[in-house]
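Two complexes are shown next, each including subunit A; its partner changes from subunit B in the first to subunit C in the second.
Let's look at the complex of A and B:
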C-alpha cells in the first residue's frame, strides 16, 4: 500500500516538472523580471561583483538572518537533547605514562594521577596515535584555516561567503579532534567558547540590522552605515555585507563544532571519536 | 561531449541515492550519502551554480558525513528494519 502511494505521488511530481521552464530559458518569468534587475543593478547598488553574495546578504538579508537562527536553533536542540549536565563518574579511567608508554586502568574511587606532564588520560578504546595521521593533520590544519578565512573575506569577489567559510573553519577543528582526541580538542576550543561564539555570530548579524534601524533607515539597509565607515552609501553596503558574513561565519563555525562535540561524545564531553 | 559527463554524473547520483537508503550498514550509508553529495556538487558546478556547489561540497560531502559517522559511532551500526 505504501509503495503504491509513493509511486503515485512520485509520478505525479515528475509529471509536474514538465510544466517547469527549460533550464536557462530566457522567456521564463524568473529570467524576464527578477534576474535582469540583479544582474544589471548589483554593481551600481552595492559595489559587490559577486551577485550571489549581494543577493544573499543584502537584497535577501532577512532570509539569511533567519537561516543563521535556524542553525542556532539546531545547536540549541542538540544541546538540550544530548547534553548530560550532571557528569556521572565513569567506571574505569585509563591513563598512559608517556615516557614508558605503559597504560593504567584505575577503578572508580581510586586515586587518579595528578595533572602532570608525564601522565595523560586516554579513551577506553584507545589506539596508539598514528604518526602519519597526526603529522599530516598538523601540517594541513593551518592551511585549512587560512583558506576558510579567505573564503569568508573574499566572498564579495569569488564564490563563497560566511556559510562555506564557517563550515571549513569548523571542519579544521573537527579534523584536529579526530586526529588526536576529543579531550585535547576541548582544551583548545572549549564548549563554552563554541556556544558563546554561535550566539555572538547571530547577535552580530541582528545588531548590524539594528544599527541601520538606529541610524534612521530600514532594518538591514546597510547604506545607513555610511557615516560609521566613513564611505559613500554604495561602498557602505559592501562593508555591511562583510560584517554580516563575519557574523554568519562565526555562528556556523561554532555550531558545527558544538554539534560534533555533542554527537561524538553522546553529550558527556568525556570520550569521543 | 559535455552531455556524456553530465549523464554519467546524473546516473551516479541516482545509484548512490538508491544505495544510501537500501544499504543495511549505516556507516556505509553515511559514506554513500557523502558520495551522493559530491556527485550533486559536480552537477551544480557543471550547471554554473558555483556558490551552491561550494556549499554542497563543504556541508553535504564534508560536515554532514562526519556528523553521521559520529552518530553511528555512538549508536548501532546496523539498522533494525
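Let's look at the complex of A and C:
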C-alpha cells in the first residue's frame, strides 16, 4: 500500500518537473522578482558584502527572530517533556577507588562518605575511558571554539553567521561531554547556564529591535543605531546585524547543548553518553 | 534524441530530489518503528533543502558575496553574476529548525518508550486499546 502511494506520488511529481525551470536558469521565477534587488542593493543599503547575511538579519529580520524563538521553544518543550527534577527511586551506582583502580557497585539506596576524595563516580553502562580520545579532544576543542567565533564574527565577509557558528560552538561542548562524561561536562557548562544563554540570545535579538524602536525608527531598523555606534546609518546596519548574529549564535549554541544534555541522559542529567 | 538529453540535463536534479523525498515519505508512512519514521522525516527535509538550493543556482554565477567578485572593478553589480541568495537564507534557518524538531521528536520518543516500553507503532496502539 505504501509503495503504491509513493510510486504514484513520485511519478506525478516527476511529470510536474517538466514545467519547472531548468537547472541554472537565471530567468527562473525564483531569481527574477525580489532577489535581484537584494543582490544589487545590499552593499549600498547595509554595507555588508555577504548578501545571505544581510537578507537573513536585516531584510528578513522578523523571520530570523521568530526562527530563533522556535529553537528556544524546542528547548523548552524538550525540557518539559524529559526533565526529572527528583529521581523517583534510589539507583544502583558505580564508583572507582582511584588509588587502587577497583570498581565498586553500590546497591540501591547505598551511599559513600561524601567527604572522601578517593572515590570517583563512573557511569553504569558506558565508561568513556581512553587516553587517546581524551587527549585528542582536549587538544582540538579550543581550536573548534576559536573557529566558531571566527565564523560568527566574520559572517559579514565570508560564509558564516550566528546559526553556523553557534552550532559549531555547541558541538565543541558536546565533544567534551562525549569524550569525558556528562557530569564533568555539566560542571564546566551547567544546565542553568545553557538555558540562561538560550534566553539571553533571544533577548539580545529582540532587544536590538527594541532599541531601534526607542531611538525612533521601526522595529529592527538598525540604521537608528547610528548615534550609539558613532557611524553613518549604512554602517550602523552592519553593526546591528553583528549584534543580532551574536544573539543568534548564543541561542543556537545553548539550544544544541541543552538538547544534547536532555536527550542523552533521558532528563536525569546524571549519566549519559 | 538530443531533445531528451536536453530535458534530462535540465531536470535531473529535481528527479534525484524526488527519489530522495519518496524514500523519506515511504519511511514515514510504511515503517512501523518510530525512530525509522523520524529518520524518514529527516531524509524528506534534506530533499526539500536540496531542492530549494538547486533553485538558487545560475549558470556561470558565483557565490552571493559581493567583495572580491569577478569583474567588480569594471562593472556594476549585476544579479545575473551571483547565485540567488534567497533560497540559501530560507534553508539556513530551515536546517536549524530541522535540528530543533528532531530534538523534540526524540524527546517524545523517549517519553513513549518510558510509558509503553516499545517503539513499534502497532504494539503501542494495542496497549492503548487495552486501557
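Convention: the second predicted complex is superposed on the first by the 261 of 273 C-alpha atoms of A that agree within 3 Å, B and C clash if a C-alpha of one lies under 4 Å from a C-alpha of the other, contacts with A are read in each partner's own complex, and residues count from 1 in each chain.
Just so we're on the same page, a contact is a pair of C-beta atoms (placed from the backbone, for glycine too) under 8 Å apart; a residue touches a chain by one contact, two chains touch by 3 or more.
Small disclaimer: the values here were computed from a predicted structure and weren't measured.
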| item | value |
| --- | --- |
| Touched partner set for A:34, first subunit B, second subunit C, both or neither | second |
| Which superposed partner A:70 touches (first subunit B, second subunit C, both, neither) | second |
| Subunit B versus subunit C as contact partner of A:266, first or second or both or neither | both |
| Of subunit C and subunit B, partner touching more subunit A residues | C |
| Touching partner for A:182 - first (subunit B), second (subunit C), both, neither | neither |
| Touching partner for A:26 - first (subunit B), second (subunit C), both, neither | second |
| Touched partner set for A:168, first subunit B, second subunit C, both or neither | first |
| Touching partner for A:159 - first (subunit B), second (subunit C), both, neither | both |
| Which superposed partner A:256 touches (first subunit B, second subunit C, both, neither) | both |
| Contacts of A:226 with subunit B and subunit C, given as first, second, both or neither | neither |
| Residues of subunit A contacting subunit B in one complex and subunit C in the other | 23, 50, 52, 159, 161, 163-164, 167, 256, 259, 263, 266 |
| Subunit A - residues contacting subunit B, complex | 23, 50, 52-53, 159-161, 163-164, 167-168, 170-171, 174, 178, 256, 259-260, 263-266, 272-273 |
| Contact set on subunit A toward subunit C in their complex | 1-3, 5-7, 9-10, 13-14, 17-18, 20-26, 28, 30-31, 34-36, 38-40, 42-43, 49-52, 55-56, 60, 63-64, 67, 70-71, 73-75, 77-78, 81-82, 157-159, 161, 163-164, 167, 252, 255-256, 259, 262-263, 266-267 |
| Residues of subunit B that touch subunit A when the two form their complex | 47, 50-51, 53-55, 58-59, 62-63, 66-67, 69-71, 73-74 |
| In the complex with subunit A, residue positions of subunit C that touch it | 7, 9-15, 18-19, 21-22, 25-26, 29-30, 54-59, 61, 63-67, 76-80, 82, 84-89, 92-93, 95-97, 99-101, 103-104, 106-108, 110-111, 114 |
